[in-house]
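In this document, chain identifiers A, B, C and D correspond to the written order of the chains, with residue numbering beginning at 1 in each.
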Amino acid sequence: MPATLAWNRYGKSRIRLVKVRRCAEPSRSPTSSGNPNGPHEIVDLTIDVQLEGDFEPVYVEGDNRRCLPTDTMKNTVYAFARHDPVVDVETFATKLAEHFVAKTGVTRVRISAEQAQWNRISPAGRPNPNAFVQAGSEQWTAVVTRDRDGVDIVSGVTNLVVLKTTDSAFTGYPRDEYTTLPEASDRILATSITAAWKYRRGTTDFKARERIRSALVDTFASHKSESVQHTLYAMAEAAMAASVDVTEITLTLPNRHHVLVDLTPFGLDNPNEIFVATDQPFGLIEATVRRSRS
Amino acid sequence: MPATLAWNRYGKSRIRLVKVRRCAEPSRSPTSSGNPNGPHEIVDLTIDVQLEGDFEPVYVEGDNRRCLPTDTMKNTVYAFARHDPVVDVETFATKLAEHFVAKTGVTRVRISAEQAQWNRISPAGRPNPNAFVQAGSEQWTAVVTRDRDGVDIVSGVTNLVVLKTTDSAFTGYPRDEYTTLPEASDRILATSITAAWKYRRGTTDFKARERIRSALVDTFASHKSESVQHTLYAMAEAAMAASVDVTEITLTLPNRHHVLVDLTPFGLDNPNEIFVATDQPFGLIEATVRRSRS
Amino acid sequence: MPATLAWNRYGKSRIRLVKVRRCAEPSRSPTSSGNPNGPHEIVDLTIDVQLEGDFEPVYVEGDNRRCLPTDTMKNTVYAFARHDPVVDVETFATKLAEHFVAKTGVTRVRISAEQAQWNRISPAGRPNPNAFVQAGSEQWTAVVTRDRDGVDIVSGVTNLVVLKTTDSAFTGYPRDEYTTLPEASDRILATSITAAWKYRRGTTDFKARERIRSALVDTFASHKSESVQHTLYAMAEAAMAASVDVTEITLTLPNRHHVLVDLTPFGLDNPNEIFVATDQPFGLIEATVRRSRS
Amino acid sequence: MPATLAWNRYGKSRIRLVKVRRCAEPSRSPTSSGNPNGPHEIVDLTIDVQLEGDFEPVYVEGDNRRCLPTDTMKNTVYAFARHDPVVDVETFATKLAEHFVAKTGVTRVRISAEQAQWNRISPAGRPNPNAFVQAGSEQWTAVVTRDRDGVDIVSGVTNLVVLKTTDSAFTGYPRDEYTTLPEASDRILATSITAAWKYRRGTTDFKARERIRSALVDTFASHKSESVQHTLYAMAEAAMAASVDVTEITLTLPNRHHVLVDLTPFGLDNPNEIFVATDQPFGLIEATVRRSRS
């Protein structure tokens, strides 16, 4: 049958890498040789490697001469991690992307990473040099794409769960024959933030993540919200204000509905106090906000 | 700050709908009034509604006059299901899409559905008219997209898990300094098939799903595989051969690695018999195959 | 501080084992040497090994001389699987239990297994000898416990999801000041069956599982249900009637509520036709039914 | 067939309750009427209600006269939460247990709760009065059991993930014909702590949780570990030392194995620096430590 391979991509997913930096604060003095008795640092990554390219013979003829095994991709990640300090995941991912884009047939490489967050265990306020507690389900993300045009770097956060108990309304919306939702002038607003921001080409300093994360969370907290969309836009603006290197940001905000329980059958009022948290269905609000050229 | 809303989408996700058709085989004689004592049929859907459009005022100004509540979307799905027989999910989703695309500001509607599979309980081979057992984790999918250009319909399957114990090899691949994988002339091949095929505009008969599903599974079983990619392409060709209405198909095939256990430390051989099934990392192979215009 | 180790247990969880039987139907003619070109069979198990015993020195003093590594437990499972046909998981698990109970300090061994179900891929009704499709989320379970008193064997099924559209009611229940539930004379009943039945000591034939599974499912389908409890009891009785070797059975039946959607705001009736399937909260009904000594 | 109902339990699971305390710090001055403009507090609970009792007629005869609907249990939880400040979940759960144990037929009530942890969003170190960020996957647990003998209260934590990069060894263990594990004098130790401690009857102050949690985490960090068991025991002792009201504690510690990657094929050493984090199989260590009567 006349068919053509219109698009293809392959690689290794969920390569789990934990690196222990066994010297004192290499991230701050990378040229120092380190102190072997100093505090340890850990980097906890889950990495996906994906290649696109001219791989028709692999698909159509079963000819593997261009098909770098995904097992080799995994090995490469571990080997690269040995001598790379992995100070920031964006730079580490870029090195991996440069390595794979040089392989025969490859036209585009996508390195995607999630970084789990760990805090030091600190008995009585004194940080333990070698022990950590996981900071939660929040993950830091990075996606590096390398093709003939160059490198694009998108960083982000995901699973960052926030909730506010006031300063959120949803009113003035259109009603049709299927609308039953009562207007809410004061509701709970809760979401799990996924954000992904794109850096301008040539960015080398990726420390903006902390500032952007704070801008997102603090704006969520302080915004007088007319809708999830309204708050999303304010969060996006704040994120871009936090770093001049960010050219655009995409936010994905599921609306984790908290429904006021009707207690009147039990002779009780419910002055915005007792809610049932629901998992599904949920609203889902997504948008990309871009810095204007001026 | 000078910023613009570059893209936006919102809607309701995971609307859980179970419809019981309480009359005899309405899917085959939809004009009949049905037999109330006949066998029941069930349709078990999880639906996402997503709208794109000219919604800048919602985001930028908190003006909700165009913001149809996602709660209304949910209500609409249930109300439409009341009088629609939901014989095939593609047609039902298209009606929903037509409804929402007429709303003020909307430029594009995406209705996405997953259909859980149920079989009749059949004691001693006699089907019970009203009782069902879930057929497994396999889901049938449909995505209907409606914009100014018209309607696109993509159907598929997901979570369809298959395994073969022979006729799968992976040899002849390039080796670099990070390659340790031994060549395998006879290995286990296992995957969880996700397939999504696009119908030509104007298709109204969506019964091809069964034929396409069989083509995918049977080709997986019979193919002499040189790689996941090689089998993917054969499966895609077979799927398109099964329905002339299919213009392209995208397959996503995670490689569920089964690693031969080294039993030599225990004085045992392992002639392709004892495997450890691993979850991560996993290979991930994706491609789109398109029907050629001839 | 004066403290004592009151109870302890340790072991390896989620040992993933796939065995390919590369000879013709050993399960039916186990003494035959098999036909290497015959059809393959697969056994897909996830096994937990757990030991209890006199291990105080391990906990209190850090003395590991009695602490068989959990890694060794894993190796043992794979090595035992090499020469055991694993015709039924109960017998295989019993052999493992006998092995571990002989270790120094061990007083009790628990081997727990889940078996994934695979069907042959059968193009045009002809079974492929080497290719399989996963039968769904249903798993077969076995728990073998070995201590000084002997061996107890409990088999079961889990994740067996069933639904009926009629012959289920819930009426006549007590009402208090917090009751709002309307009585239902005809509702959807859906559950995910977990069953675990205990065999009398000395049972060696474990083929009863198919009969018991059918008894559970068929009774669910045909029972005139006054409550989940009522149907649970009928299912338990039917299961015990299906095998004289079963001395008791425990059933765990979550009530997967399907809530009738109120369509009256849209001018529509809803004659038991449109339901929302909910995940949480859910009713949970559990009971053990025991064969009476008579 | 002669069968008897040997044991039964039923109830409602996963009742999701979020309570907003809309007055100033009621937890510290419960007699105050509160300040409506003060900071909000949230309590985020998932509650299971389970009843045991003399319910044979429900199961055997389909007689529901004693079968309090699980829907009523859910309503009761929400109604009780309206006027209870839910300062600690143990006291709230005890009130629910007292309510249900008075119902006809009930002999035993089990109220189980998980409490999600939220921190205030604090821009520039100043806590927002109404906005929160989820502290992670850690949950606080409580199980209250009420029967004729009285009330037992077990509190705990779960999903508390910790890791240490040194001071953990595993050596001196027995070797058999299936042992291949190399001894490790310095390894990563990682686990997800689940702890459940029992209070002596009559305990009314449940603020010990913070101290016990700190004792568990700090001991994990500082202990010179010879095995997971060894550290478990030290953690249990420390927990009991942190509160005289605790009579016993059960710890469940999965061993989240971090395997040193062999980099020698790539001409690289690996001085305890590059690890692969594995999900399965995993070691699982459980024990109960009890305060001695002296």
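Here, a contact is a pair of C-beta atoms (placed from the backbone, for glycine too) under 8 Å apart; a residue touches a chain by one contact, two chains touch by 3 or more.
All values derive from a computational prediction rather than experimental measurement.
Peer 1: Using the stated contact rule, I'd like to know whether B-D or B-C comes out ahead in C-beta pair count.
Peer 2: B-C
Peer 1: Taking the mean of the C-alpha atoms as each chain's centre, how many Å separate subunit B from subunit D?
Peer 2: So the centroids are 38 Å from each other.
Peer 1: How far is the middle of subunit B from the middle of subunit C, if each middle is the mean of its Cα atoms, in Å?
Peer 2: Centre-to-centre distance between subunit B and subunit C: 29 Å.
Peer 1: Out of subunit A, which residues touch more than one other chain, so two or more?
Peer 2: 16, 75, 79, 178, 180, 265-266, 280
Peer 1: What's the contact topology between the chains, one of line, ring, star, complete, other?
Peer 2: Shape = complete; every chain linked to every other.
Peer 1: State the interface residues of subunit C toward subunit A in the complex, per the touch definition above.
Peer 2: Residue list for subunit C touching subunit A: 177-178, 180, 265-266, 279-280.
Peer 1: Report the residues of subunit C in contact with subunit B in the complex, numbered from low to high.
Peer 2: 16-22, 40, 42, 44, 75, 78-79, 81-83, 118, 121, 123, 128, 130-138, 160-167, 188, 214, 217-218, 220-222, 258, 261, 263, 265-266, 268, 270-278
Peer 1: Under the touch definition given earlier, write down the residues of subunit A that touch subunit B in their complex.
Peer 2: 1-16, 48, 50, 55, 58-72, 74-76, 79, 103-104, 170-176, 178-181, 225-230, 232-233, 236-237, 240-241, 248, 250, 254-255, 280-292, 294
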